[in-house]
Amino acid sequence: MNALSQHRPLLSVQHLGKHYGPRIGCTEISFDLYPGEVMGIVGESGSGKSTLLSCMAGHLVPDAGRVVFDTALGPRDTVQMSEAERRRMARTDWAFVHQNPRDGLRMGVSAGGNVGERLMAIGARHYGAIRATAADWLGRVEIAADRIDDAPRAFSGGMQQRLQIARNLVTAPRLVFMDEPTGGLDVSVQARLLDLLRGLVRQMGLSAIIVTHDLAVVRLLADRLMVMKDGRVVETGLTDQVLDDPQHAYTQLLVSSVLQV
Amino acid sequence: MIEIDNLCKSFTLHNQGAATIEVMQNANLSVRAGECVGLIGASGAGKSTLMRMVWGNYLATSGHIRVGGLDVARAEPRQIIALRRETLGYVSQFLRVVPRVATLDVVAEPLLALGVETATARARAASLLTRLNIPKRLWPLSPTTFSGGEQQRVNIARGFAHAYPALLLDEPTASLDAGNREVVLDLIEEAKARGAAILGIFHDEAARARVCDRLVDVRDFAVQAA
Amino acid sequence: MTDQAYNFAYLDEQTKRMIRRAILKGVAVPGYQVPFASREMPMPYGWGTGGVQLTAACLTPDDRLKVIDQGADDTTNAVSIRKFFQRVAGVAVTEATTEATLIQTRHRIPDTPLRVGQILVYQVPIPEPLRFLEPREAETRKMHELEDYGLMHVKLYEDIARHGQIATAYAYPVKVEGRYVMDPSPIPKFDNPKLSGSPALQLFGAGREQRIYALPPFTHVVSLDFEDHPFVASKADHACDLCAATDSYLDEVIIDDDGGRMFVCSDTDYCGGRRAAGYVGRLGGQA
């Protein structure tokens, strides 16, 4: 990925808001994400970061604002798209990695079938080619080739998460939404997953938005950081700048509350 | 290459009664291509703070920091990311890497980020690690388990992997033996020779004398007591 | 003679109109599952209550009804339903495919080609082809709406991965006119090609699941497959032991305690017709 061709944002979020009755889910969220950028969204539970992610990914309908994505046909507001268009985009240009692999995998379908589903959904009809692609992707996420016909319920948590990533990236999406991708995993397994994600992001030139409450995860994965509190953005900037020289009172509290090891 | 104008920095500690600590006032400094400028001043005088502001790690309160034409004090995060990828290198005292990544790949990463072929990047990394006397058997291992001196050398190899037009060096020769210290000083001289602008902190006075063209005392930028 | 205690064909006229409206919608949108207010029928679910309601809604006093179960006219289910309509509608019945105007079937399409003007009513246990992969009804409806059918091929992929070939032998999914994926009811996949371009009107009813769908005459129906694992309409590799037919779907019948067996046409009318015309199979002389 070179910086020269990237003058236009891949995703432009403008004044996005979502209320639950009188309560704020998130409000007045605006930012641009450029090709190849990884942005982290941090904040405590209830800060609105998951609501924001759901609104951007089209899982929730926002009640204000625009989510403009640079589609093959130019920038389009995905909030105004028909459900059919949005779904087509969700299985080609977009990917969504859930915190719990169970939400992102078909637990009764083999690993190969899980990876192949997106290919088949966009019209792949050659079994041999689908299987070869699935096998290649299992290799890329470090799952042994002989597990291709095993169902994910026979996998460890870390393997399930890697399978979910393979299933999502097989169609070479341009934007990946991740909701606590390392949540619920052992620390050693987390490190492996982070390393894998970093490599894939660089090799594929992916843009990603990662929601997490783990500051170590964003320090390693994210170029930029957005800090949320009570549904609003309180601080944004370069990841290491926000973590090392936080400006807002809440960010200072957040950073100083991390246990050092 | 590096131009610092009227740079000021203060920290506001919101969780400690909103105390504001002024640490720097009207710093002015410039480093030309091919020049090495050393920062001096007692510990806590603000050498590292200044370096971190140039790196974009600390936010400037006011003033300008121009590196290769980009004002780091005003730039968008993505511009700083591009600057760090292409123009500005940084050898810090601490190695911060993802555990599990092989040393060879840690060193090759700045080149891979620029889109250099994996084989070419690894070859460059291998030659630097060889020069810095990191035994080949350690290359496939993660540097997180290495000794302080080894980590420092891996960090240097990483900082010199790409021929950055501007370089920040924070104590590059600390905790190195004589042989490796010599290699690092050679690397710095080679970088100067190819036209890199270098801003550095050297506690090692002999090293400072050898590579620095000028010295700047950061106490000159200290906040005048009221 | 019609049992006068009942309205013609058992169901009241309002109910029949409601079902006919659902049928018309199904015909207008081939392969689309139309919800309808399925009634309690005087037989248990699983015995063909969906098909029976369709038949009741379509029957006229002039119709000639044939009922088959797995191709046979003389099995319990077929006999019960035929008797039911004889009693509540008084319509003529037949076992000959060519003579029938309306055929209610469970799990087969007759081997005798159908003609224009005939109606074939299928009994359907589970109308949703996506059901075993996606349990949520709201989600499967959305998938049909958005033609989000990747999942259907996942099922076939799993078959090949596990068995080396597409092992689905009945209820083999089809795509109707390039739009809706449809479950053809548990007919053997041997019958799938007969779904396409049939001159007869084909109606599908699922009583418990309250769905009606339809294939109007001459609808284009394609069985799903992979380029390198194409659909094959397979049957037992034998000729009928009674009538020597090689083009009909065969049942395997164990005939003694020594493992002796014979293959016979599952379509009893087709087999009988051939034997009447003089064709004799391997064991045809003894039967």
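A, B and C are the chain letters, set down in written order, and residue numbers restart from 1 in every chain.
Going forward, contacts are C-beta pairs under 8 Å (C-beta built on N, C-alpha and C of every residue); 3 or more make two chains touch, one makes a residue touch a chain.
Please read all numbers here as calculations on a predicted model, not as lab measurements.
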| item | value |
| --- | --- |
| Central chain (distance from its CA mean to the mean of all protein CA atoms) | A |
| Identity of the chain that, by mean CA position, is farthest from chain A | C |
| Cα-centroid distance, chain A relative to chain B, in whole angstrom | 31 |
| Inter-centroid spacing, chain C versus chain B (mean Cα positions, whole Å) | 76 |
| Inter-centroid spacing, chain C versus chain A (mean Cα positions, whole Å) | 46 |
| Chain A partner contacts - residues on chain B that touch it in the complex | 11-15, 52, 56-59, 77-78, 80-82, 85-86, 96, 98-101, 112-113, 115 |
| In the complex, chain C residues that touch chain A | 133, 142, 145-151, 153-154, 157-158, 160-162, 225-229 |
| Footprint of chain C on chain A - complex, ascending | 83-84, 87-88, 91, 106, 108-110, 112-113, 116-122, 125-128, 130-131, 148-149 |
| Partner chain B, residues of chain A touching it in the complex | 1-3, 34, 37, 191-192, 194-195, 198, 202, 219-220, 223-224, 236-238, 240-241, 244-245, 247-249, 252-253, 256 |
